[in-house]
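Below is one structure. I have some questions about it.
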Amino acid sequence: MIDYFKEIISGTWSLFVGMAITIRYFFQPVVTVQYPHETLPMPPRFRGHIDLVKDEESGQSKCIVCGMCQKACPSGCITLAGEKPEGGKGKVLTKYILDFTKCSLCGLCVESCKPEAIAFSRDYNLAGLNRNDYVFDLIKRMEERN
Amino acid sequence: MSPSLLTAEGLSGLLFLSLVGVTLVGAVIAACAARVIRSVAGLALCFLGVAGLYYYLNSPFVALMQILIYVGAVCVTIIFAVMLAESDETKMPLKQNGLVGPLGILAGGLLAWALAALALKTDWHQAATKVNNGTVADIGQSLLTTYSMSFELISVVLFVAIIGSVVLARGGRSKS
Amino acid sequence: MSLDPEVVRVLAFLVGVIAFAALNAAYLVWLERKEAGHIQRRIGPKEVGPFGLLQPLADGAKLMTKQLIVPDGVDPVLFKIAPIMVMVPAIMSFVTIPFSDTLVARNIDIGLLVIFAFASVNVLGLLLGAWGSRNKYAIISAARVVSQNVAYEIPMLVTVVTLVMITGTMNLHEIVMSQQGGFWNWNILRLNASPLMPISFLIFFVCMLAETNRAPFDMAEAESELIAGAFTEYPGMGFGVFFMGEYANIVIGACLATILFLGGWQCPFGLYPGVHWFLIKIYAIIFTVIWIRWTFPRTTFYSLLNLSWKILIPISFFNLILTSAMLKVF
Amino acid sequence: MSAFAQSQTNETFVLNLGPQHPATHGVLRVKLVMDGEYVVEAEPVLGYIHRMHEKMGENRTWAQFLPNTGRMDYLHALAFNHGYVTAVERAAGIEVAERAEYIRVITNELNRISSHLLWFGAFVLDLGGFSPLLYAFDDREHILDLLESVTGSRLTYCYYRFGGVYNDIDDGFLAGTTAFIKRLRDRMPMYHNLVTKNIIMMKRLEGIGPVSAEMCRKYGATGPVARGSGIDFDLRKHEPYSVYSEFDFEVPVYTECDSMARYMVRMDEIEQSMRIIEQAVAKLPDGPFMTPKVSKIVKPPKGDYYNAVETARGSFGIRLVSDGTNTPYRLKLRSPTFSNLSLFGEASRGMLLPDALALMGSLDLVIPEIDR
Amino acid sequence: MNLLTLSNELNTYLVIGAMLFGIGFYGLVQRRTFIGMLISAELILSGASVNFMAFNRFLAPNPTVGQIFTLFIMAIAAAEAAIALSIIIAVYRNYKSVDTEDVADLQG
Amino acid sequence: MKLAAIKQALAAISPLAIEQTEYAGKGFVLDVKVAADQVVEAAIVLDKEDFFIEAVTGVDWLGEKEALKKEAEKQAAAAAAAKAKAAAEAAEAAGEEAPAAPAPAPAPASVPSEDVAPLIDDLEVVYDFNRYDQLCRVVIRTRVPRDNPEVPTISKVYPGANWHERETHDFFGIKFIGHPDLSPLLLPEDADYHPLLKDFTV
């Protein structure tokens, strides 16, 4: 009988304790970010899709067309091609296609790239209506960037 | 002279007519609908109409009790039984004798006609005086004085009914 | 031929009551979302109109434009009637509620009974809707609604009977008038009538939550168990009307609690009584109802029945006996 | 099964819980034979998001499988990452840089806390309480920010590499971690007051959903499910991998066998993880975050290997069969929840629907991990 | 006879009561399930109640008696419904049917 | 040490091979090879010793026998060559006795004797067991021919094996005799293919 009342009282008390907690939060400021109106800074290591890095001196891609990224990619989303210019040494990149629909953002390509010619972009706001919007021509993107 | 529709009396008369309609339509649905669940809905409609009639008969208390008990309790209980017992109501048996329907209508109609005719033919005498106005307070007074015995008895009946239905409905589930 | 003023009055009040119920239903959704948001440290609706105040209209418009699907295999008539059977009695109950000394659609002697009578029809609507939609979740929900309402009607009615014994009337207006002058005269603190009055207010409040299917007693639409319970199959405005009925019931419950325990339109300090106090009180209660919903997990069905049969009913009966004894003695 | 056939004649009926049901958290379907609200027979139906990770593993190099590991248990991705890299390291005999081991422990435990916090919220949501979910999300968001600053992604981390980790951590991360632990320490009493000690919660969990130790053994349940049944089994202590043997922490074990016990195990594990992180941050050695001489192309010698780690949900085992080439010959992934869920059918028999759902919530299901 | 003042006529109510009774009787004859018969019985009872209330209003010297009688009918009806439904459920358990013809064991 | 006792208990059912492995390198301590019909006995032994079931899976050894045969032939050829060379040398040393031993390259013992019949590869079924209280992971493996993969079920001993066996049946087509329900668990309901077989193509 004593247990009965004890349980009622302790139980009711626990309910009031819970309500006290929630009402305290009611009066505290909100913690959410109103996304389309405000955005948070992206951390420097954010892994977006990849982008080609421009060589500051030549204005060209740093890529040496070794194909390591293509090999490292588990999903096979990178297609690249290069050609040997006359007189120059080493290949020059002519095509670099990223099929972002297949990409799983693992970063193995960036890791495998010796000349650090590819890097993660900070784009996260990607939306589109067409599947083909996500087959990126990275050379074009690099040129468009500035 | 007939009262205008836009006076209080006119509206109340109209309301009365619609209540009569609701009662009778509900009753017909209750008696004739092919699906049991619809007859319960019709029954609820009929009870609501009857509650309205009681209101017109100067006893709002009984009207509300009618809603509370019949609509809120009896109909709900019936639906509950439908849910428990007739989960496959698609197979309504229609294998009865073809004469039953017409004969039923005949008998029911005859009864209704006879009773109505009797009621209309009789010359009812109004009581000369009324001892009270039949308000809620009066009902309470009577219940606890003159009719206290029946009041007690009805509580016994209800109690027995509760026990009985618990005993009857129990027993199915052996666990817990 | 001019209109009878009585008819005008009735019509005006009817329109007023319906508008009040509909507006409340719409804006309680807004209040609920806003309050839930702030309790959870987010904002809640904010895009449509200032503070999201036009959100209910947008929601309503969305619900209206949705196709009214009547699923295969349901009973179409019952399926369509059920939401109305929930909504209409809730609105009818407003008729007897005295918002202030003069602002009442119809003051009748047994106003309290009117509310309970119409509240019981509500269950029937839910039950018909659930059965009509031929959905297993809905039927489980219907079974829960009935046993829950039966179990909680008892302590609620016993508590109300206690109050009727104290005030000696079922007229809502008179009940409020008997609590005149300061909050120490309110029924919740009328300790000379029964020292258990605050507890019986708690009992009433808990029963009100249970009767209106609000969390933590929202067995009927326990979304993590029964998806949406009785409303699972309802699209668009069918669901909307059910929802409005639910909120209208909450308002009725809050009004009843205010009238019975918190002195209706009376001011806590005996000054300036009026409709504003009534509104403040009912919205405070509604705020608490929403606050409770966003604080607690849901109870289970059997602990809900246990609570009613093992705790609320014994205590309310004890209170009834105690009160009658005290009324006789003093 | 027989019970499903019987349901036609008996008073029972079949209730399809899922594949889209609020309580199954993803695409799990449970066929329930119900007698009223009592569960007569429950049969989980799996495979709605089966992706055949094991076959994918056979078609890519050892390193290329790394991103897949984070996509099974997306809530504790780092543990799966960890399980896979340690398995390959064991097979190929790769040494791990010491600093990397500590980094792994810190990030892994942070991830474990985030997983438990999410479970906590989702579990309370299953029981009908919504606000604790968002409070837990608030805390979890801090962990995700921390891990994002290190790994670059918020959920499907692919951070560990054979022999080390992908990136070094910086002081900002360590400071953030310490600050977060302080914050969470302050928040834990709030969670307990709001949820654990709540009478409704206690009524819903205590004595509900008993899973005996014997049942755990027969079904191979591990993790908090086993520990809630009085089984002191935590691979971090039991078969110490990485550098877990160097930390002082306890394995919370509750013998009540009910949902509350499983709940308490996880809540206590959050505390223990915080202890481990604190110690790891204090002890973090300097040095390279990657063993320098690890070749890019891993070729474990022929043979088969087994390795298991403790994830938030139990022991995740990997059986590797290598034929000496640069692709795995066979990659068996033994996910903990698969075994944990398999006891649901027996454990839920005769329970009420809400209690069965509470039991299911207390098993902490992550469907992609079950379906793989 | 004015349609709008019918509510003040005793005979209106008596006719309605008779009609309810007739419809209920028809239902009782025509229905083949226990639940249907129960519903029809309720109709007959309310027909009787309407009559009581009507006499109470128009003729009775003590207008509480009819109301009290109606209240008693309600109580009896509620009790009867409860009992009848538990019987129906018990019958359903044993016979898997609520059809009266299927439950013929009680016939001699 | 409990391990010895367990080893002894398992040895009592006379498995094909029982090997103690080094935990640090392999991740398990006992590697037991049994015949297909001994699986249940082994499971019963482990059940008595309070083991819990960790996983059941399969491995497809398609091409293994071919490779083994080639390996053996290569070895044999090498051996024969070596022998021939030795013989030649010996003959050279011995002078005229050389033609008496033309070195017919006999089949080495390691190659199965039925090499005339088409080679049928094996499917391996692997059972992992572990204990809650100490570091003791035991692997039971059995091999069944690929064209008729049948193993008795252990789901009667360990109900938890039910799903693991169903999964293995999904992926490898191994039939667990006596299993209550071998319908696809992870694969679609109507799947009749077994994706983890090495000769499976989409």
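A, B, C, D, E and F are the chain letters, set down in written order, and residue numbers restart from 1 in every chain.
Assume a contact is a pair of C-beta atoms (placed from the backbone, for glycine too) under 8 Å apart; a residue touches a chain by one contact, two chains touch by 3 or more.
All values reported here derive from a predicted model rather than from experimental measurement.
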item	value
Among all chain pairs, the one with the most C-beta contacts	B-E
Closest chain to the centre of mass proxy, which here is the mean CA position	D
Chain located farthest away, centre of chain E as origin (C-alpha)	F
Interchain centroid distance [CA atoms averaged], chain C/chain F, Å	70
Centre-of-Cα separation between chain F and chain D, whole angstrom	32
Where chain B and chain C are represented by their mean Cα positions, the distance between them in whole Å	27
Mean-CA-position distance for chain B and chain A (Å)	70
Residue list for chain D, restricted to those that touch at least two other chains	13, 36, 131, 135, 138, 194-195, 198, 200
Contacts with two or more other chains, residues of chain E listed in rising order	none
Junction residues of chain C - those touching two or more other chains	39-42, 143, 294-296
Chain C-facing residues of chain A, complex	8, 12, 15, 18-19, 21-23, 25-32, 34
List of chain B residues in touch with chain E within their complex	2-3, 5, 9-10, 12-14, 16-17, 20, 23-24, 27-28, 30-32, 36, 39-40, 43, 46-47, 50, 53-54, 56-59, 61-62, 65-66, 69-70, 73-74, 77-78, 80-82, 84-86, 93, 95-96, 100-101, 103-105, 107-116, 119-120, 124-134, 138-139, 141-143, 147, 150, 154, 157-158, 160-162, 164-169, 171-172
In the complex with chain C, residue positions of chain D that touch it	13, 15, 21-23, 36-37, 124-131, 134-135, 138, 194-195, 198, 200-201, 203-204, 352-355, 357
Residue numbers on chain C that touch chain B, as the complex places them	1, 3-4, 6-7, 10, 75, 77-78, 81, 108-110, 113-114, 116-121, 123-124, 127-128, 131-132, 139, 142-143, 146, 170
Chain D to chain F touching residues, read off their complex	1, 46-47, 50, 52, 54-55, 58, 87, 90, 93, 216-222, 226, 231-233, 238-239, 303-308, 315, 317, 319, 321, 329-330, 332, 334, 338-339, 342-343, 346, 371-372
